[in-house]
């Protein structure tokens, strides 16, 4: 697929704090110019991993290679990488311009050259040049974000690390900034490595995603792969609301429900198993007029409905189990609250995961 | 900041809430009353008494019976050497602040950033000497430095050679000032340094700053309010100090507070002592007011 | 903090320097203890003959037990009054926004930034003008002028971290102003108030410059020690000094233990 050389390579990287293993034998190659995102719940070790890559922690065992050179012990100020912090870590006593110029000043670049570069970067990040003299504490959340990014660019790093920089920003602005960040990535051609707890955010921006859990990389792949072929139940549930049906092996390649009565057609290429979980996304489930409309079906009662704008979501109870069904607003539907309905899906829209 | 917010024009606010807010506005002045009364009776009134005495007849005990500038004339008379005491006091205070700033910085840095869960215990250890009467502690140094004392005796026993005279010199006074005022520099400094976010320091390092550059560009500017408060506090207290010069300095140098005390006690010249005290208060008052004007106390003491 | 060799060496140096500082602060205290154990009247080091006779003499002395009683009485009264005044003061200092708050804050700081000797002499003049006879009661007042502002600062730091929404929520849930105070405000601010009380007691116990001019015929431990240092040194001086230090240490450690036990009891439940 993508044959660009790898800029960053992790070989069995492990970090222990006392008896606790925060990062557990991670192997990974990040390609030059890639937007790579690590996703995981809080406590999964993703921040520790990033801090090791940026040079703020050293791995207990394993190696970090930057362009084939081992950099385990190299301190942050001597690594050609730069990090955008969750808190942004803007210098509160310096103006926007002084913040952006900071890395240049550290290198002893002359004052007028520094200023010229800072103004260029303000342009690149779509901030007015008049912001040069403004105090950072007077900037809004989105502006501060851009200043932090400009400062990192001024450093001219080979890799930019991002530690959930958008997590404290409100939903609407976050959506804008996600797209903007992807545009900036494209324009700059630099390697970005991003961490977040939101797979949704990762999907929007990344070329590839690594899902982390309890210090380990569970799955690495393109957003498409992670979405359509989750490796296990954890990855599939991490993606958002999904319906999970516990099944065991049935006759002629079908599966039999454990908590639910029924016989389910499985997606093609399913691995052999004894017990497993069948994952069906809400948007793959639909209301049926008759049993012939889909390969698999269940009968239940509509318990509640939620308007989500362009889509409407339903809670459907099948026995003791609750299913989430989504339909587009314009699609036809003849159910109603507390009415009995038939829901179903085609085998190709489901994923079988063995934990 | 809740209750004290200005009343908003909000029709949804129930009437009780508005009443509560008004109560809050009154609570501030109400709670300040006991303290204000104490300060009026115990601080401002005595100061006015002193100022009044400074304009009274020399050697009189009648408050402003016949107002006169005689005391100030005596002090500013070219033949009077009391200005030397002022200069000594200011010089000693200045030296102490410089030395304290240097020796306290690493400890303050440790308390704010390095010691972690040990901070509490170490703080306790460092605070405690504050509660021992300074006479007792300074006298301990006399026992340490005196001829045949702890230091001299140890050196004699080990090397058969004692030390020269350190006690009862101006250097000993500065030593005493530095010793006594460690906590007053240390804790404001620690407060200042703990206002420097760790991430900001890490970011600076990540952006290529060396340790020294981090110190100069980030730590020092961000911690400066605490350092200023510490310096101001130690300077003011050192200018007004007396025990150090009496216990460790012998009579080698007379500091200004000592002059004031002499005027009040031995020479029984209250108006002259009062005039000296007024001048000292002026120096200190101008300094404190100028510096405090530039500091935001709420931010330093941790208001969110 | 990069976890590199240089950084960890710096950390070791900081620990070392702090250790030196602690030794520096306690060295004279240790010298006092040594001198109190010297048998002869005049201190020479190394000590030739050790003895506890100055301790026995000091502990048996009626004069000294009166001194200690006076010091404790003053410190207890100062503590009780200053905690109440400083609690109100801290609420005005840090809790409520009102016009004049900034001025109030500066005013509270003034006595702290003021030479105690001058304050003591000013109070002496003032008491004299009012015709008040000097005694330990006037010393209590003098201590208050200096200690209440300090305790106010100590409590204020706790008040700053107190979320006013807690009080509002309690009012909203139907508590009266008094109930809000006893159920919410006081329990939350308790640690600050307690450490304020410790400060008050210990600062009063060790105070010398204010006591010197305001106690009149009464005398406190630090005053007595000073008089004996100037004229009439015996090893009884460092003995009483050590007793005074040990007393303060006991109070401080006791207070610390109470805080730790209370915290443990609360989290244990």
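Going by the order they are written in, the chains are A, B and C; count residues from 1 in each one.
The rule we apply is simple: a contact is a pair of C-beta atoms (placed from the backbone, for glycine too) under 8 Å apart; a residue touches a chain by one contact, two chains touch by 3 or more.
On a predicted model such as this, the values are computed, not experimentally measured, just so you know.
K.L.:
Looking at every pair of chains, which has the largest contact count?
P.N.:
More C-beta pairs are in contact between B-C than between any other chains.
K.L.:
Report the chain whose mean Cα position is at the greatest distance from that of chain C.
P.N.:
It is A whose centre lies farthest from that of chain C.
K.L.:
What whole-Å value do you get for the distance between chain A and chain B if each is reduced to the mean of its CA atoms?
P.N.:
It comes to 54 Å between the two C-alpha centres.
K.L.:
For chain B and chain C, what's the span in angstrom between their mean Cα positions?
P.N.:
Here the centre of chain C sits 16 Å away from the centre of chain B.
K.L.:
Using mean CA coordinates as chain centres, what's the gap between chain A and chain C in Å?
P.N.:
Inter-chain centre distance comes to 55 Å.
K.L.:
By residue number and range, which residues of chain C touch two or more other chains?
P.N.:
Correct list: 1-2, 6.
K.L.:
Going by the contact rule already set, what residues in chain A reach two or more other chains?
P.N.:
Residue numbers touching two or more other chains: 55-56, 75-77.
K.L.:
Residues of chain B that touch two or more other chains: which are they?
P.N.:
202, 205
K.L.:
Can you tell me which positions in chain C touch chain B when the two form their complex?
P.N.:
Those in contact with chain B are residues 1-2, 6, 10-11, 13-15, 17-18, 21-22, 24-32, 34-35, 43-46, 84-86, 88-89, 91-98, 100-102, 104-119, 121-126, 128-129, 141-142, 144-145, 148-149, 152-153, 156-157, 160-161, 164-165, 167-168, 171, 177, 202-203, 205-209, 221-222, 225-226, 229, 237-238, 241, 244-245, 248-249, 252, 256.
K.L.:
Across the complex, what residues on chain B touch chain C?
P.N.:
1-5, 20, 23-25, 27-36, 38-39, 42-43, 45-47, 49-50, 53, 61, 63, 103, 106-107, 109-110, 113-115, 122, 124-126, 128-144, 146, 148-150, 152-154, 157, 179, 182, 198, 201-202, 205, 211, 232-233, 236-237, 239-243, 247, 257, 260-261, 264, 270, 273-274, 277, 280-281, 284, 288-289, 292, 297-298, 301-304
K.L.:
Which residues of chain B touch chain A in the complex?
P.N.:
Result: residues 197, 199-200, 202-210, 213, 217-218, 221-222 of chain B touch chain A.
K.L.:
Flag every residue of chain A that touches chain B in the complex, lowest number first.
P.N.:
54-56, 75-79, 81-83, 85-87, 89-93, 102-103, 105-107, 151-152, 155
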